[in-house]
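One structure is given here, and the rest of the page talks about it.
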Amino acid sequence: MDVLPGIDPRAPLLEVSDLHVEFRTQYGVAKAINGANFWLSAGETLAILGESGCGKSVTAQAIMGILDTPPGYVTQGQIKYRGVDLLKLSENERRKVRANRIAMIFQDALSALNPVYTVGFQLGEVFRKHRGMSRSAAKQRAIELLDQVKIPAARTRVDDYPHQFSGGMRQRVMIAMALALDPEVLIADEPTTALDVTVQAQIMGLLADLQRERNMGLILITHDMGVVADVADRISVMYAGRVVEEAPVYDIYSRPAHPYTRALLESIPRLDMKGQQLSVIRGLPPVLTDVPKGCAFNPRCAYARDACRQDPAPPVYQVSQQPHRTARCHFFREVIGE
Amino acid sequence: MSDLNTVTTAEAPGGQPNVPRSPVKKDKPRSLAGDAWADLRKRKIFWVSVVMVAIVLVMAAWPTLFTTADPGACALSNQYKGPTGAALFGFDYQGCDIYAKVIHGARNSIVVGVLSTALAGVIGLFFGLAAGYFGGWLDAFLSRFVDIMLGVPFLLAGIVLSNRLSSDPKSDGIFAVTLTLGLLSWTSGARVMRSAVISAKNQDYVAAARMLGSKPSRLIFRHIVPNSIASYVVLLTLLLGINIASEATLSFLGVGLKNNAISWGIMISEGTQFARTEPWPLVWPALFLGVTVLAFIMLGDAVRDAFDPKLR
Amino acid sequence: MFRYIVRRLLQMVLTFFGATFMLFALVFANQKDPIQALVGERPVSESQRIALTERYHLDEGFFMQYWYYMKGLFTGDFGTSMTGRKNWEMMADAWPVTLRLALIAIVIAATFSVTMGVYSALKRGGVFDNVSLFITLVLLAMPIVVIAPLFQLIFGIELGWFPPTATRDATVWQLLLPAIVLACIVIAPEMRVTRTAVVENLRADYVRTARAKGLTRTRVIWVHVLRNSLIPVVTLIGVDLGGLMAGAIVTEHVFNIPGVGFNLARAIKTEDGPLVVGFVSILVILFLFINLLVDLLYAALDPRIRYE
Amino acid sequence: MPGKAPWKMAAGATAIALLAAGCGGGGSEDSAATSNTVVIGIGEPQHLIPTNATESNGSEVLSSLFYPLVDFDAENKPVVVAAESITPDSKNTVWTVKLKPGFTFSNGEPVTSENYINAWNYGAYGPNGQGASYFFEKIKGYADLQSKDPDGEEGPKKAPDPKAKTLEGLKKVDDATFTITLSAPFAGWESVMGYTAFYPLPKAAWKSEGVIAEGFEDAIIGNGPFKIKGKWEHDSQIVVEKVADFKGEAPKVDGVTWKIYQDQQAEYADLVAGNVDVQTQIPIESLGKASADLGDRFKKSPNSTFQFVGFPTFQKEYQDVRVRKAISMAINRQEITDQIFLGSQSPATSFVSPVVAGYRPDTCGANCVYNPSEAKKLYTEANGPKEIKITYNVDGNHKAWVDATCNQIKAALGINCVGGEEPKFADLLSKVEKKQPVGLIRLGWIMDYPLMENYLGPLYSTDGSSNYYGYSNPTFDNLVKEGSAAATEDEAIKKWQAAEDILAQEMPVIPLRNGQNVYGYSTKVNNVTVDLFQKVNLYKIEVVG
């Protein structure tokens, strides 16, 4: 493995601070991420939660360094991996971080896998390009990997094309591909959304097993609070490009500190609330070229007052020290207190 | 020319946050066409090409707005004279006013180019759709027919068709040339359309629509065509240029425009003869032709980009 | 796959008959006075007319002429041209040089259009994209009757970079300039189609995956994007290859290459029915083979396509 | 970043492909370029059997392979070459040809009178379909060699064999002497025999009597100063080399490569590039630069081409002679030859070419002088048609001058004038035959032998082979016939000139231009001359240094 200069094994595994990403389109500048902060330790699972379009995937892409530039630009902030700011690396150094240190799993494995190459080729490519292995050695490793992600008859299936696999199997291939080089950080972007429920559970189980075995840090990006509850250690809730609340999973579920989190929780159908009307969050998420002044959530918020409608947006409030939790709401006490 | 394609570049990739697809009009339902129009309106390149195409079309429709000179009034005594007051571009080999000829030549070139391309576009669309969508023996039959069409040299078919189609000695041959070019130039489009349809047909959304009981016609025109049309439109805008040029080749071979009809193609092939000593009679019509074709292609590109949600 | 190929080959036989029949009808429809056409502006004497009419069955009906032709074909006789030479001999003379010309042209066109198409897709809106677009369009908009003599004039005579003409036994070097001329007509469409396909594929999810794997940009583009973008390009190249063989009429004329295009033009001019049908039949067969190849290439390029 | 990679890849791939494609191509560089040989450009000959070679390319190649009975001197009078003597009887009906002794074909066969007789019989025999068979029309018995189609134009029945296989008028006297009996007296016969059709053929030519051996045409054997090397490489070249012990006048070069071009522009490109040594006809497109490109190696000499337009007699609107005269006067010939043809042709003011004996300038008189006001007056008087058309074949490069002529007519007469385009000459003729309103017909004529009769007969006689417009005047026909039968050439010329005067009165055609050879040659050669028949004089041309 290539040695990354300035690496500090004692530094936090991954630390994102004050990250800003904007998309410069012909219709104006869309601020996709406006100061995201979170960290990840080895062996830990951090869930990033939010509605679609809130900037979850962009955050992941910014960490991976695979934003489409143009139109996407990281304008501010730091992404530190073991103390090294990835944003300051050259493209070539950055490229070597990918797959080696930080890997990613995508939502729709069918479109995320190249349809015209065999899975063996696509898996082996990682070894060939990063480890300089021969084609045959790379294929051998690909078979082993497929075995590890519990794909039956890996030896024969290695020469199949993505479209010949079922959805769950494809996602396993994706996972195998991400884990090929034993990365320390794995980012899973909605890994189970496209799958049916039983397969979802299998895949989540597999991910959890593999994480435990390798002591990886896992960032799980999802909009599904049900999935989160089972596997995550901590949760960051994103809204309109900001982390509006961050807390251990138990605390969030029991006492959300941000109205948005609260609204999300209330929109989960629960058995014990049978017969009651399911609550729905009013309105739509804002369009990013036209984010409301002040707190971006204010037009949809039951707690909103004048202060919420004025710039600047609410700062990061420390909700509690132990456990560490934060929220971006002027009235978080009120929200928790209820 | 500076930013011909910039408009197509600055789009958010799929799975991106809520970057607006068009100027925000809150809570108003948007149709594809409405979206596309809203999108187009913002594009500089769209307006540039629209203006250029409009100028050419006006030139084709009312040439006398641009010049009062008679393009047929030529005298050898004027041969290769430089620009004068009315004759902005000077005179050619025959002593004709190049400016007047270029202006008056626009009509035939545009009519032939646009109509033949439209004809070819329609034929190619239906052939490609039928072959690609229905497959089976129909595909085999149509594809082999296309093969034969492609195998028959343009020259042979052009000569035969033009001869058959223009029996009236008084006609200027525009109808015959248009029909000939239309009937001969649809084949490559048909093949491109066919392969686009075949790949679109296997997409999930088409399967889904089929499951939902869409009629084949609806399936084709609502689902497959809009998704396969992008590369086809690009090809057609190119074909327009090719057909305008092909008219010149047919005329050059004596089966094109007749009875002293003027067209850019004819002017260009005449100008080529003496280009070594007198380049201007070639340069002017070539410039007009080039700019016109370019305008159409730019327009096609902009419209294509606006209508193709994948590219937006 | 095997059955598919066999079926296509069988179709080919049928198509061939259909093609010769259609061609014969076309040529027949266009035939007015081949004897006069043969001698040009010279007067034709009565006895000469009688002799030639008899020799070429010109006074017999369309079906009889077709019958004579097919009968000859089955005995391996492509017939006799109105010039008195054997058709197969003329074809054997003409095809090799045209094939080489078309191949060189298509290789030049494909290489340039694919590389430039990919490059301008990557640099959309950049100077390279716009300039190459403009140049290829200008070349496209020029009729071949203009490009061929102009290129000969500029590069062959004034600058002297290339030999101005070629012959039947031309070297690649001699065929280069005419091949470039031929390539000019097809580069613009091929490049545009490549560019469009690459632009579409650049947005595909698998491109993001490939980048997330830490592959270099070069590899992402030339291995992952390109392969997916090639289907429309290959279709077009297949069509163009055939078109170049038939469409080289003006180019072969200008560069003095006695190939298929030149022979066809002469045969059409002299209303030399058997020769036209002979050449074009071979052209059609070549087309059918190229198309079969292209269709098989689809399957090779995209494993999702299967033929039964 | 793929910054420069695509270019490199493109270049590399191209290079590989070119190498691959190159495997098929032989590297046949001209080895002849260094030796004492010349490369002369021609078009692909239609045929190389002398009696079938009716166009200039074939006859030019044959002129290197054969030694003619007669040739023409500077005054275009016939002089014997391969013949020792050619003597007519008192009535100019029986001509005796005596051959020079010792001549052989290049395969060693001696040249005898039989070689001539057999070749000519073959050429005259109708079923052989020889293009030049009409040259033998004047020989007694020609009609017996022709078959008559029994069921008209389009009938399917096989024509019966002709009555005879040999010309009654050809008689062998001995191996070196034979006589030709004409069906009618003709003073100019000796000139006729200067044509390509009158070459002999060796015994090797015959498979059996009257049947040419297969493959003979592609490797034809002649009695001339050169012999063919290898075979006729169709559409590519014909290489000829010197015959070692040739008895006649020896050429100064050791060989000639007749390089075949489909296009004169391509040939000119090669002339400038030095790949061809002589081009006998430089295309108009290149004339503007020819002086600059070639300097004093760009030359002109007269030839026999005569360009004109004919009025179809079946179109009523041209029946008034005033209309025809007015149109003729509306045309400024000088302007067209100067500006459209850049001086490569000259204005025609007579009905025959200046190269023939008996030519008088300006026989057309005032009718061929540009006079727009008089033209307009005459045209208005005669109430000529409001629109006229000049029909031409586009494959012959006629558009430019037809357009220019039309523009002049439009300006002078105030009427409309359009060019009627036909793809090729045969299409034009078929319209004329169907009597469609073609308007003025574009025509041209190249002589077969240098006599006035060769213009007057085919072009203006009632049964003239190229009289497509249907002009018919019995007085004229008689004068031409009387001229041909006259005892001496001077008498003949007088009759012919009288006939030409009738044409000037009636204006069945408008003479437009006389052609010239505009030729050029490379620095490698010298002493290049091009004759009336557009052939390079192979006995004078030499390689420099």
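By written order: A, B, C and D. Residues from 1 in each chain.
Note that a residue touches a chain if its C-beta (ideal position, glycine included) is under 8 Å from a C-beta of that chain, and two chains touch if they have at least 3 such contacts.
Keep in mind it's a predicted model, so treat the numbers as computed, not measured.
Just to be sure I understand: going only through chains that touch, what's the smallest number of steps from chain B to chain C?
The fewest steps needed to get from chain B to chain C is 1.
Walk from chain A over to chain D along touching chains and report the minimum step count.
Contact-graph shortest path, chain A to chain D, evaluates to 2.
Would you mind telling me which chain pair, C-D or A-C, is linked by more contacting C-beta pairs?
When A-C is set beside C-D, the one with more contacts is C-D.
Measuring from CA centroids, which chain ends up nearest the centre of the complete protein set?
The most central chain here turns out to be C.
Measuring between Cα centroids, what's the chain most distant from chain A?
Greatest centre separation from chain A goes to chain D.
So the centre of each chain is just the mean of its C-alpha atoms; given that, what is the distance between chain C and chain D in Å?
Here the centre of chain D sits 36 Å away from the centre of chain C.
What is the distance in Å between the mean C-alpha positions of chain A and chain B?
Roughly 47 Å separates the two chain centres.
In whole angstrom, how far does the Cα centroid of chain A sit from the Cα centroid of chain C?
53
Suppose each chain is reduced to the average of its Cα coordinates; what separation in Å results between chain B and chain D?
46
Note the residues in chain B that touch 2 or more other chains, in rising order.
As it turns out, chain B has residues touching two or more other chains at 7, 9, 13, 15, 159, 163, 252, 276.
Where in chain A do residues touch at least two different other chains?
Touching at least two other chains: none.
Mind pulling the chain D residues that touch 2 or more other chains?
Counting only residues that touch two or more other chains, chain D contributes 395, 423-424.
Under the definition above, what is the set of chain A residues touching chain C in their complex?
Per the stated touch rule, the residues are 61, 64, 66, 95-100, 103-104, 106, 108, 111-118, 125-126, 129-130, 161, 163, 174, 177-178.
Help me check something: in the complex, which residues belonging to chain C touch chain A?
Contacts found on chain C: 204-206, 208-216, 219, 224, 227-228, 301-304.
Across the complex, what residues on chain B touch chain D?
Counting only chain B, the residues touching chain D are 72-77, 79, 93-95, 159, 163, 169, 252-255, 258-260, 270, 273-274, 276-278.
Give every residue of chain B touching chain C within the complex, in rising order.
Interface residues on chain B, with respect to chain C: 1-9, 13-15, 140, 143-144, 147-148, 150-157, 159-160, 163-164, 187-188, 191-192, 195-196, 198-199, 202, 230-231, 234-235, 238, 241-242, 244-246, 248-249, 252, 265, 268-269, 271-272, 275-276, 282, 286, 289-290, 293-294, 297, 310-311.
Note which residues of chain D are touching chain C in the complex, please.
Going by the criterion above, the answer is residues 1-2, 5-7, 9-10, 13-14, 17-19, 21-22, 24-28, 44, 46-47, 54-55, 126-131, 133-134, 145-147, 149, 154-156, 158-159, 162, 217, 233-237, 260-263, 265-267, 269-270, 272-273, 275, 395-396, 423-427, 429-430, 443-444, 458, 465-466.
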